[in-house]
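Take a look at these structures.
Two complexes are shown next, each including chain A; its partner changes from chain B in the first to chain C in the second.
On to the complex of A and B.
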């Protein structure tokens, strides 16, 4: 019965689905098809992609940057999510507004702002030098540091919100019980709170990691070329070299990696909320 | 009678249903000037509205032509790409009954493309960083005498490779065919000091902020900085010229309007006004007479310093090969 009831609304989804098929699925399929038909039938594009040291390095960079960004985002997001739950409502609302507002500002504008803040003559370097922390300006942009700072900042809300979601549902008496049973604060955190947060952490980590894998704007504006990521490579191949076969192959690899991680997420923590 | 009325109605209605054409360029101040000095006057004289689109994207252009229904009628592209795309059958041959090529600089005329404007890659530097301005490409590669980041155009295009070879002592008339091994070896010596710019605006920001106090720039962008009151050193010695081209994608919906638009854009008036506003040089040989001599003197084609023309035919032929190597080297 429940299954039928759930299916009843499906018709209303058709217009949106048709739109996605026509303007997303079909063009993607078409590009993927090119990867095995251009310049000739076969898998030579994939052989080139995996057989060239430079491209292998780009894959490695992509996963490395996504990994670094995910770990740092998690470390920063957890205390914020925790604060959102325990702060008095008035303060948590302010904090919430800050988190959400940052998502509403244009991505490109925010990335350009980082560019200006982080450059040699930028505010960050001026403050560091003014405080005597460093004598010469640090190189904070056009390299891995710049990419990491820019991406962590953009990803934070996507990590904070799912973790906040699970922490909020934890019954505070569980922690009381832990301390009554003699657990220290660290023990309560490690053995009671964190295990209960796993679903939120897992979904935040996977979401951030997957989004980071396909990131283009931030790495291309804040990064140098020595840590090029996959999306930048695809843009070069498609736009500048007009080599769609190889570009399609790179896109396919990215798609497979993303879908595999999504499958992993479903397996570990189930479908995202609302999709069950 | 009835038919006559319908015919009359059609004649009256015709101007109203005349289709707008689409012009695509790279955005920024360059496209603003193209709109003001080419598209607006053309729309006024011909009655055909000109819609602006952008930025130019070679992947999109190819996709549109292959799909058989390009929505772009005239596109501003790099000249070497124009030659290559013409060979690949992606472009309409230009109608030289409409476009008067006798008035155009023959360096920038081919079957499928005419020049849009031409420009120079020049060595620019920020005077606040260097008491004595770098003058040659050898200076550009001398990180001891001129410490700091250098900024170069990120995409594979004529300019930086030529500059590296010139800095390494290659004679200007021996540049082509390009010795890529030698060029990349030279670039390797300063690789960690390079910041790449992807747009003209970014190149201006890097130079003006001192983030990269020297580099190779489009001359028009440095002219714009100077017009804004910034002190910029421009070394014209061995400036490397390259051009943009106007092309019509194969199967463009408004081919006739496109040809007429190109005729207007390459007219002496269109070229003179565009050049005065952007600092790029006109490709119409009669444009010079219409320009203020003072402005004229700042343009690339009025420089007395030795000038090097990037070999567009060579680039068109080796575009893919150089590009693959260029990007692989960047990512190394």
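On to the complex of A and C.
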């Protein structure tokens, strides 16, 4: 019965599916096609991509930045998600508003704001020097630090919300039971709370890592030339060098990496909630 | 007097203006099965949570073998607890759930294995070690919780309505198991319930809670046969209350007059201020139906309803001024034969089986 009902409801998904096919699947296929046909038929674009040290470094760098951003985001997001659950409703609403509002603010505006804050004469450097922590202004933009700060900030809600979702479902008496069983707070965290949060942490980590892999705006505005990421490389290949073949190959590699990660997550922790 | 094993000494807990418990005073002997019985919001669970260390009392103390427990955080109290909701760790197997208290205490592996085995045997869960909690029934989960709470030999086991989520048949089965485990281990149990039948079945002694205070402490028969207050009489067992007036009260007995002028003498009296309006409590199985007044106290009534309940027949009688009295007779009892609703008859009881209370202000 449920299967029939599900098949009937399928009709309502057609407009969205048509849109996806026309503006996502087709262009991707077209790009894939160009990657194996330009300048000539074959896989020479892929060979160039993996065979050239500069490009290999961009791949490595992309995964490294995505990894750093994911780890820092997780460390910052967990206490926030915990606070959202345990704070009195009024305070948790305020905190929620801050998390959600930051998502609704324009991405460019937020990234430029960080440029202003982090530049040599920016607020952050002024405060650090005013407090006597440093004598000279720190280089906080146009390098890895700038990219990491900017991206962590943007990714935080995508990590906080899934973790909040799993923590909220944990019965407080399970943690009380752990305590009476003799577990210190630290043991209760490591042996009970964190294992129960694994599904939320996994979906947050995957979401952030995948988004970070393909991120363009923040790395190009806050990053430097020494830490180019894959999306920047694709933009450069297509816009400046008009090399659609190589650009298409790079884009396709990114897509495959993303899909592989998604498959891995399904393997390890199952489909995200609601997709079952 | 020697130091009591567990002494709940004048516990008071307030949440803002709300008083959750007040002057809760109780001495519990080692190995005793003590039940906190009362309606929800009567302070019984709050008292248990203070013992567990989840809440701090506003005033008073908890002494275990003469030493205060209040300064010890809950993870160092070494107290076992089974909760109302299922609180097994869902990511751990049954064996690992039971091993958890030992693992956090860094018990050597071979001892963990030995003790887990023993605890699972105690809870009759052999062969379930590798099951996950999600694949077990509610009754089985509470058995695992019991094994987990006993595996480290706590001096005191707290149980907070552990059977309230189970159906009646399963509840009785596990009550039996709890009783057996109590006898086998000799652990001191503090058990919270709102179910008087459960309390009577399990406990050595029962503390009846009402509005944050203990109304009476005693064995089941003590509470049933000589309730100290209207509340206890009403909460423990079924009873009928008839309005009357005191005509005399002294030396633990009272004489009463009903609205129809019938007088009864020498009724056991409980509580202070026996003046003015009174209430006479009658247990349904202590009342006899007789055609004519006999030697004992009696009252003319009209039969209102007769219900067959299997092994007993429940009869509802109405006094001339409209109050109702329930009477319970064994099935097929001669006193019930030939009776029909509307029949005029007499109820009769032994003076000592009734209880007089001063009427509560309404």
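Quick note on the criterion: the second predicted complex is superposed on the first by the 276 of 276 C-alpha atoms of A that agree within 3 Å, B and C clash if a C-alpha of one lies under 4 Å from a C-alpha of the other, contacts with A are read in each partner's own complex, and residues count from 1 in each chain.
Note that a contact is a pair of C-beta atoms (placed from the backbone, for glycine too) under 8 Å apart; a residue touches a chain by one contact, two chains touch by 3 or more.
The structure presented is a predicted model; accordingly, all values stated were derived computationally and were not measured.
By the document's definition of touching, neither partner reaches A:106: not chain B, not chain C. More chain A residues lie in contact with B than with the other chain of the pair chain B and chain C.
By the touch criterion stated above, A:187 is placed in contact with chain C alone, chain B being left untouched. In the superposition on chain A, contact of A:142 is made with chain B only, not with chain C.
Of the two partner chains placed by superposition, only chain B is touched by A:52; chain C is not.
Touch criterion met: A:241 reaches chain B, while chain C stays clear of it.
Chain A uses no single residue to touch chain B in one structure and chain C in the other. Per the touch definition, chain C reaches chain A in the complex via residues 52-54, 73-81, 83-85, 87, 89-91, 100-101, 103-105, 145, 148-149, 152. Those residues of chain B that touch chain A in the complex are listed here as 57-59, 62, 149, 154-156, 195-196, 198, 205, 209-211, 320, 323-324, 327-328, 330-332. The touching residues of chain A, counted against chain B in their complex, run 52, 54, 57-58, 115-116, 119-121, 141-142, 220, 224-226, 228, 233, 236, 238-244. Chain A makes touch with chain C in their complex at residues 171, 173-174, 176-185, 187-188, 191-192, 195-196, 198.
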